[in-house]
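Every chain is named by a letter (A, B, C and D) in the order it is written, and numbering of its residues begins at 1.
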Amino acid sequence: MTDRNAAPLLSVRNLTVSFGGPDIVDDLSFDIGQGEIVALVGESGSGKSVGSLAVMGLLENATIQGSACLSGGVGSGEQEASTELIGLPARRLRALRGRRISMIFQDPLSSLDPLQTIGGQIREVLKAHTRLTGVALHSRSIALLEQVGIVDPEGCLALLPQRLSGGMRQRVMIALAIAAEPDLLFADEPTTALDVTVQAQVLRLLKGLRDQTGMAMVFITHNLAVASAIADRVIVLYAGQVVEDAPADVFFRRPAMPYSRALLSAAPRLEAVLAGYGHLEAPRGQVPSPGQRGTACRFAARCDDVRDTPCLASMPPLVSIAANGEAHHTVRCARWEELAP
Amino acid sequence: MTVQLPSVLRRLLAHPRGMVPTLYVPTIIVLCGLGPWLLPFGELHVDLYHRFLPPLGNGHLLGTDEIGRDVLSRVLMGGRVSLLVGLVSTAISTLIGTTVGIVAGYHAGLARFLITTVIDAVLCFPVVFLLLTLAAVLHPGIGTIIGIITLVSWMEVARVAQSQTRIVRRQDYVTAVVAMGAGDAQVLFREILPNILPAIIVSATLNIARAILLESYVSYLGYGIQPPDASWGNLLNNAQEYLESDPWLAIIPGAVIVLTVVMFNLLGDALRDAIDPSRRSS
Amino acid sequence: MGNGNLLYVLRLGGVKILLLLLVSMAGFTLLHLAPGDPLSQFTLAPGMTAERLAQIAHGMGLDQPLWRQYLHWLHGIMTGDWGHSFRDQSPVLGIIVSHLTATIELGLAALGISFSLGLGMGLMGALRAGRAVDDVTSVISIILFSLPTFWLGLVFIYIFSVRLQWFPTGNFSSPGDRSIVGYLRHLALPALTLGLVSVPVWSRYMRTFAGEILKQDQIRTARALGLSSGRIIVHRLLRGALLPMIPVAGIYLPTLLSGALVTETVFSWPGIGRLFLDSLQYRDYPVVMGVLMFSAILVLVSSTLAELLHHVADPRLRA
Amino acid sequence: MNTAVLSVRDLSKTYVQRSGLFGAVKETRAVRNVSFDVGRGEILGLVGESGSGKTTVGRMAMRLLDATSGQVVLSGTDITTYSQARLRAVRRKMQLIFQDPSASLNPRQTIHRILRTPLALRGIDSDQDILETLALVGMSPDILNRTPAMFSGGQRQRLSIARALLMQPELLVADEAVSALDVCVQAQVVNLFVDLRDRLGLSILFIGHDLAVVGVVSDRVGVMYRGVLVEVARTADLFRRPRHPYTAQLLAAAPRHGAPLPPEPAPSQFSQASGGCVFAPLCSHMTSECLSRQPDLSEVGPAHQSACLRTELQLSGV
């Protein structure tokens, strides 16, 4: 699915977001390839949601700097030029949203209009982005619901969102988001509110949709196991910065950043339960808040491998550590070479 | 340590919308309280040689009325009555409303059912009609006015107290104290009351504004405070007659009512934000 | 369950009727025990004798025990006989109905003014939450909320009638002028007065309801899906905020009636508010009781209707 | 001779709701005949999806909610029919830890005041216990004058644990107590629970929806589905060799580090079921017998109980 040689679909560079106070997200840079599923992983306050909302142009009262470049898509038969999303006029941004980039959220119930039937909401989105009318509109609505695995699409069209189960609502939400066949879908913790069995279904659905349509996906989650189930690549955020960016298989075998290792060992695993339970490796302390991040490595205060130099001397840069022939792999750790297993 | 007073005051004064009413309210209360002793003219001092003086005329800052009484003195004297009615009726109705509301909010069941449905139903009736009928048939006077305003005001407080109590009662920290084996009194007075108090204080502040306004209606229509005693409402009672020739007789007392009621309403609003700063950030 | 909510509305309606009875009982008792005996108007008449007075009292049913008088009166209310005015012996219901048109016209005009202004202000405040517009609209709303209706009326009369002479100072119409323009000139000031003081009723609820909807994920989602802001405001925001406004309309009527009482007095507008005050002054208790009951029934019916309408209009409650 | 700190027997909760004005009475059975013991110094995990009734069971066990039927026995004393007044005296023996750290501490009290409340109820004047308990949950003693708003979620959870411990309870009921926390903080609090059991011999009923989290703290785990306790076993047994198809499905659906997505489970042949096993409509091992009744929890191995008729099934675990 992923073609590393092609230009990335979305290229975010030095994205900085603040709401009048200290920067919530600073210097965020990453690429999303065509058809790639990238998991944006981090604890609360890491900036994973704020960063994505900034790219979508959905933040109000925020100061946003940097660049988020969406490469040209094939719109109405012609190749479009690539578009800078940050600072794009509201009108043009709106025309892109839903059609080229789309987004789904954690709570499907509050994301849907409680006063409109599912059918009405699908038609609303289709009318905004296509010229479909009448029967074509109806059959496209049915097709969309079938595509997201709803068994009785005809019946579903007439229902209000609150009549559906949580899993069904999230499927409807996905149908709305992919109605205009976007190239990129931001999914902000889309399975966090769901039961584990339903979560597995939605993850399968999303992965299946990517395989079918070639749509790229930014999957925002705090759960590494979920990321592992769906992602081609994992980007770990810590206190508003990217600290590691690696292909999923590499990341779960050999995480390079001490924070990534801490995240992996702090999460309880089913396998660990068998081996003998009782203790998790938890890093001490907590994530520094935006006001107290300082100029050193932001994980330094919690890191077992911290040294005065180089860790506390300055902010380590994000460096590429990909071995020969290996895919893209970057890490923000001054001691990554010494610490490599 | 229940409501952190210094920090609430600091937040109140930080914004002009809070600062102006916070300064105005005590000022007007003190002025009306002391005013009559500060001024050269008694509020009942009749001076038929100086009738209908315009403001600033002959030492009368706000002029004189149809029988030559000093308007400023009468405004301040009327303020004593109007503020007294507002403050006392609010104090009583807050006490009644809070008690009834907490009982209804704390105990699910028949008491809550009865109280809430009755309150909901009573709030549907046009209050001024009831108020006037009562005022008309009862012996006029400050006590009567305070009584009937209290009678129509306590329900609003009760409704606020009831819904707040229900919300707070469901909070985990209350359940935690119940789970420790605390009795009803402790749960009510130490856990619930401090948390609903801010909402009640806000509601009471808004109620003062409403009571002052209600008194002015009743007195304006002639069923409230009876002349020669002054209240802000009855100063306007016959001002309409002189509207063409001497408009300040209507405009000045009215403006004082408006200013004061606006300030109490602004104070209530600002208090709500100052007590719970998270509300304002929305 | 929709039926459960319906049940609540019916229950509330029932309690209101019960309350109506209680209020009528209390009002009836109070008015009959009050000073200012209705017979006093006859005692000073020339050639009045004790027997003649007793006859009149008997004719008016005043010699009966109070509870019998009440039951008699209640029976009358149910059957359309609302008693007779002490002043001119004409039937109470007829008097009320004849004053109703003026109040309805004034009320509708005021409703139009307050609803459109209030809606606009509330919506603007919600859309610009936390900014200057929000502050300004909410301060305006507080000021309007704090204005004594009668004083606003006096100020308007002073400015627009006395000084500028644009509008007449009061009354329903000028003698000899039956034109529609003439009527509207008479209506303008009272309607504006009553309309302005009830703007906050609408603007505050609109600000709250629209603000709540704007905070919901559905707005952010609609934007993420590329719907236009016009569509979002009309289809999501306005629709969602107007639905819970329906029961507010039920609360509005008592406010409107109370306001009309004062407005009609200031502008000598011949509606039921003024009728009520006049009757109160003359201790014309059948009419006073009649207006009290009439307005209470009106409010009861309208608020219950508003709640029912809300249940029909809101698909969430219907489901 | 009963060594269990808490034992519940046939606990049920039925909500009765009338649908509409003259509608039929509808019964919702939120919890059905749940029985289990929590031994002294043991952590029993109770895992289930939303609507499984696990929270209701916790509240009924603490008698914060009245059971429709069944028994609650605390340290050998049947407290099922205790009046509220009598309950107050035994309440201190069991304490509750909540999910939402922002709602579990009174926002208008200082930490000192919050922590004094349990001591006052026990009639103790000295603050010595407070200092010791703060140390136990890993908080420094200089925080006593602050208010809850000044703490992070993890710290507040430590504080509510401290408050519970100051009652010197024998049993903690932790209801989704770590679900709202970030993974690193979650690990810290999970460790704290295990530590408290080891050091104080505390018994804990640990309720949660995440199999891995519940598994890692618990000595034994019970699995609930739609109000029914379908399986109870020692943690490793349950994870390695589940005996109820629902447990197996739950284990299979849980995402794992570095593992691909599990395949979709085979659907049941029958989609309708009423009166039979609660899991029958979704069970790929269902037979016609499963539609006849809800099986009781019965012994299927050493300290291993399951409520499935098909005891011969070989289900795969982790």
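What we mean here is this: a residue touches a chain if its C-beta (ideal position, glycine included) is under 8 Å from a C-beta of that chain, and two chains touch if they have at least 3 such contacts.
As the structure is a computational prediction, the values presented were derived from the model and not from experiment.
Peer 1: If you average the Cα atoms per chain, which one ends up farthest from subunit D?
Peer 2: Most remote chain from subunit D, centroid-wise, comes out as C.
Peer 1: Look at the interfaces A-D and A-C and say which one is made up of more C-beta pairs in contact.
Peer 2: A-D
Peer 1: Could you give the separation in Å between the centres of subunit A and subunit B, each centre being the mean of its C-alpha atoms?
Peer 2: Comparing mean C-alpha positions, subunit B is 54 Å from subunit A.
Peer 1: Find the geometric centre of each of subunit A and subunit D from their Cα atoms only, then give the gap between the two centres in Å, rounded to an integer.
Peer 2: So the centre of subunit A lies 32 Å away from the centre of subunit D.
Peer 1: Taking each chain's centre as its mean C-alpha position, how far apart are subunit C and subunit D in Å?
Peer 2: The separation of the two C-alpha centroids amounts to 55 Å.
Peer 1: Where in subunit C do residues touch two or more of the other chains?
Peer 2: In subunit C, no residue touches two or more other chains.
Peer 1: Can you tell me which positions in subunit B touch subunit C when the two form their complex?
Peer 2: Going through subunit B, the ones touching subunit C are 17, 117-118, 120-130, 132-134, 136-138, 209, 213, 216-217, 220-221, 223, 233, 236, 239-240, 243-244, 247, 250-251, 254, 257-258, 261-262, 265-266, 269, 280-282.
Peer 1: Quick check on the complex: what are the subunit D residues that touch subunit B?
Peer 2: 62, 64, 87-92, 94-96, 98, 100, 103-110, 113, 117-118, 121, 160, 163-164, 167
Peer 1: Give the list of subunit D residues in touch with subunit A in this complex.
Peer 2: 49-50, 152, 154, 182-188, 190-191, 194, 209-213, 215-218, 235-236, 239-240, 249-251, 253-262, 264, 318
Peer 1: Would you pull the subunit B residues touching subunit D in the complex into a rising list?
Peer 2: 1-3, 171-183, 190-191, 194-195
Peer 1: Looking at the complex, which residues from subunit A come into contact with subunit C?
Peer 2: Touch list, subunit A to subunit C: 56, 58, 90, 94-99, 102-105, 107, 110-116, 124-125, 128-129, 160, 162-163, 173, 176-177, 179-180, 186.
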